[in-house]
């Protein structure tokens, strides 16, 4: 029977996103079924940079939308991010190792058929509309997350 | 057979606590059995604000008890917490979405019968006595956590 | 059948390392099979302080190797680490509770037969050679991690 992995992507940081998407890509390579459920800061990974809207947003939601990174490559590191030097260093090391970039891992995950879901409640609180997210992303409830996670062989909170 | 979820709550931050307690409440809505094991900073979620004691505490334990938030609503955010603006923004966005507060999700979890456990070793190190925790919380060992987690359909470290 | 726990150790912080290694030691006490897969910052837990090398390292890799802690006891806390006061406090509280130190928990895990693996891609990106890691650590791919994790009763991302 097909093995399943479910990742709850709570964090919105470059290094943790990299970990999650490398796992997702690797799991597809060995024919696992993979679902990523983006919640809270994790939603910043699946914003569509070409579909921002200010419509129907409250003042807080607009501030939030403007203060946070618009594009996955702009996410900060979780550690060593003093003035961005740490991230420049990580990107430099990745380039030297011929490693793909974060956005490549995200494209890979989409192309390989990773299921991308966004948390309904998080979207409501943070004021994200479905059309502001990548078109591959479907908004679902926490209950739907749980039903998928309970049948998965691997569940991770990242 | 009843499906089970076990959360190891290590973090003591508002947003991660919110994620854990929303999952716990949602899981009870679909009749799952839920246990949260509070360890390290996670213990700050289940302090009883009315039962602080300085008795039998060493100097470090007193400093620790005084420097950390007494009440779940005072927990900081894990991200964007510059001078508390980020948290004010999140609380504002939650209010605008008519979302319950963190303390409401905690009360909901208690009322729905989520099992609340505290890590014995963490309590010893941080100097928390059982009477300083909410009365619904039972202190158990790491081994007892593992036995519960290994039989759960979902285990998360938050 | 022997129960298994698999920990993906992503973080390089003192308190999270403590949590992971306490769980690993406790799991061995109740005869579980335990694997820890060190990735990203987690690699900092298994550096061999006596086997640093500058050979074959790029400029970024050398900077990285020099700017990060050489020894597990030097890892920072994830919270309250203002000028190291928080960590001094935690170490003081641990000493007062007669708790072992982080390095003792690591030695305990090694002596009890916890399987230690390092992520191949992380090693490549960060420029760590196998001889710079503790000799008990074996470098494996993300796919090998997934195969082990999917058969484990408990999987955690720390």
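Each chain gets a letter, A, B and C, in the order it is written, and its residues are counted from 1.
Basically, a residue touches a chain if its C-beta (ideal position, glycine included) is under 8 Å from a C-beta of that chain, and two chains touch if they have at least 3 such contacts.
Keep in mind that this is a model prediction, so the values were computed, not measured.
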Pieces of the assembly without subunit B, by contact: one piece
Rotation angle (°) superposing Cα atoms of subunit B on subunit C, nearest 5: 120
For subunit A paired with subunit B, centre-to-centre distance based on mean C-alpha positions, whole Å: 25
For subunit B, residues that touch 2 or more chains besides their own: 155-157
Residues on subunit A engaged by subunit B in the complex (per definition of touch): 8, 10, 12, 39-41, 58, 60-61, 63-64, 67-68, 121, 124-127, 141-143, 145-147, 149-151, 155-157
Touch list for subunit B against partner subunit A, complex: 3, 5, 15-16, 18-19, 22-23, 26-27, 29-30, 32, 79-80, 89-90, 92-94, 96-97, 99, 153-158
